[in-house]
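Each of the next two complexes has subunit A plus one other chain: subunit B in the first, subunit C in the second.
Showing the complex of A and B:
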């Protein structure tokens, strides 16, 4: 079993796929609803306090906005613990969405820096691409199992 | 029970900054209720494209969609609070454009704020109170003349002011530096009453504003206790004789600055704050002290100098004072240093705050600092306009309070 960081970290579909192949998803796994009635698209499930942006100083300096540092206090430890990662670029909002573009840039950069197996895909735009997309993820996750 | 004022929040980052509950708390304390306009995912995609600002953060796209839903009336609100992370350039652009968009296309009062994880409900309280006041008291704010015999008190961070008004005329004033809040208030009230030749019992209604408004208001049993953003706006356009149409009110205070875009005497967009004391009246007080003159002499002194000869443009009061000391040590004249200090404060306010409101003429400067003519001159130069300083401008909060309090006279 491998700990797999997923991006977007809120993607339930991706999180579920990782779990189905016997691995541990590192994610926040928040459902993106059809109607958004919370402050953000991925309003945190945890009790984020003003302490979290301070903890986020480990990954981003004090001149980085508090929202980025607060998010990093959540995702930074996941990236550190990750043994593999799946990154989906330009994902549809409904697939999973993280509200802050600056955090997203930092997360992807930190994942790229890590010497771990990675799969990076663009979000599919049609059915054909969708089939290939799922197949690629399946191959990657199966391969991780074999590697272990 | 009074219905809470519904304040729509458009934001990016407050939850992950850990300050969402501070925003909620500030609104609750002044009878407001924060809510997030309900939009569908498909609205976000459509409205974001329609707005045309190509930002990358999904939460900013959500804020844009929510703003459009408010303007188009798909979601009802009484006021709008826009909040994004301090130091985020992308968010600052969106914050500014949304504020402008809502102001131009609706009558909803808007306040925008950039927060850090240190933002507290206390910091937000006056802004939230102004939003709820505008939403709740439009009829009161529409009042154009003062009637009867009323008292207005402004318990400010640096000075306490009182005025007594009778039938649309100021008949008594009192002013002193704020020391003990209640003691200062009682003394200026006594002075204003004595000058007006009336007794406290004759006063028909009382209004308070400023930092000490709740404490003093409770003590003197005020009919109206109201934050200084709406009160000062009202006082400014009243004293300047510009109650109809647009105006911009600038109040550079001892502890914070206010820039308010007003329409028919009612604030539409406003900012309050000041990143550092280098942009406050406090810096001018320190300058006067260092130059060995009274604050009242700083204005005339600065008008004799050339500010451009002395480099001084710090946000920080400590660094600003260093520039001042260095300039004097290098042989600069007191006049040039005084002019540079005035220009420096005007420039900081211009750069930090006036970019957040739409400047519309007339520009009215009020508060004690409006009597420092070098500061008014410098602001006029920066804005390329003639600044209006109304009579009694240093009593603006007290006059606004006395004017609005007359709406509480029983037989009125």
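Showing the complex of A and C:
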């Protein structure tokens, strides 16, 4: 069983595919769960405390906005633990009320820098692309199992 | 600053999404209640939210998947069901994060079709999708998006 980092880290499709084909998805839900199940100071809604931007200094410099560093304290450890990664490149949903474009760029950069098997995809736009999308993920994940 | 005492410590929460013409969230909920032991199951418009001990949640999810494997999708959730920080009953409007789910649910029919085809066909015989790192001149979907953005 391989730990697979998924981007967007909130993706239902990638999370399901990775688990369906026998591996462990590294998604933001797991990082958030860890924080909301740990006692400490009340910091709603996500229990991101002032400590998180400090932890984020490992991946982003001090002049980088605290929002990026705070988010990196969630994603950085997952990228470090990842043994493979699947990236969807046209994921507009990763930027919006909860997402940060600069953090997304940094996440992709760090994943690309890491020497692990990676699969780059776009979301399918029709049924034919859906077949190719699922087949590519299945081939990639089956190959990971064989490599281990 | 006030202290924070967490609830549901040691439990996991999973979403079970249904994208099917044959199965409804109510069917899944009934089956879930039949086989559950000490977990919390919440029925929603898109499927279920299940909270409990990891082994028990995984067992229920595996059983529910058997009902319609190509049309049931599962993902982890950080918060337990009905958490006041996330539940729209307290906040009003769509739950933060729902927009992402809503977008991906519009793609699930293509994924379900892909899974159905690959049940009968070897994935090695399917050509790879386009490489997103190669930049085509102008994708037709992107052009349509640009036109729509200009018209609105």
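We take it that the second predicted complex is superposed on the first by the 124 of 148 C-alpha atoms of A that agree within 3 Å, B and C clash if a C-alpha of one lies under 4 Å from a C-alpha of the other, contacts with A are read in each partner's own complex, and residues count from 1 in each chain.
Criterion: a residue touches a chain if its C-beta (ideal position, glycine included) is under 8 Å from a C-beta of that chain, and two chains touch if they have at least 3 such contacts.
What you see is a predicted model, and the numbers here were worked out from it, not measured in a lab.
Chemist: Would you check which partner chain A:43 touches, where first means subunit B only, second means subunit C only, and both and neither mean what they say?
Modeler: both
Chemist: Which partner does A:16 reach: the first (subunit B), the second (subunit C), both, or neither?
Modeler: After superposition on chain A, A:16 lies in contact with subunit C alone.
Chemist: I'd like to know which partner A:116 touches here: subunit B for first, subunit C for second, both or neither.
Modeler: A:116: touches no partner chain.
Chemist: Now for A:93: first (subunit B), second (subunit C), both, or neither, which partner does it touch?
Modeler: In the superposition, A:93 contacts both subunit B and subunit C.
Chemist: Between subunit B and subunit C, which makes contact with more of the residues in subunit A?
Modeler: Partner with more touched residues of subunit A: C.
Chemist: In the superposed view, which residues of subunit A touch subunit B and also subunit C?
Modeler: 32-33, 35-41, 43-44, 93-94, 97-98
Chemist: Contact residues on subunit A for subunit C in the complex?
Modeler: Its residues touching subunit C are 8, 10-13, 15-17, 19, 25, 27-33, 35-47, 89-90, 92-94, 96-98, 120-127, 129-136, 138-139, 142.
Chemist: Write out the stretch or stretches of subunit C touching subunit A in their complex.
Modeler: 1-6, 8-13, 15, 17, 73-79, 83, 85-86, 96-97, 99-101, 103-105, 107-115, 117-118, 123-124, 126-133, 141
Chemist: Quick check on the complex: what are the subunit A residues that touch subunit B?
Modeler: It is residues 32-41, 43-44, 48-54, 63-71, 74, 93-94, 97-102 of subunit A that touch subunit B.
Chemist: Report the residues of subunit B in contact with subunit A in the complex, numbered from low to high.
Modeler: Within the complex, subunit B contacts subunit A at residues 9, 11-20, 36, 38-41, 44-45, 55-60, 62, 85-88, 90-91, 115-118.
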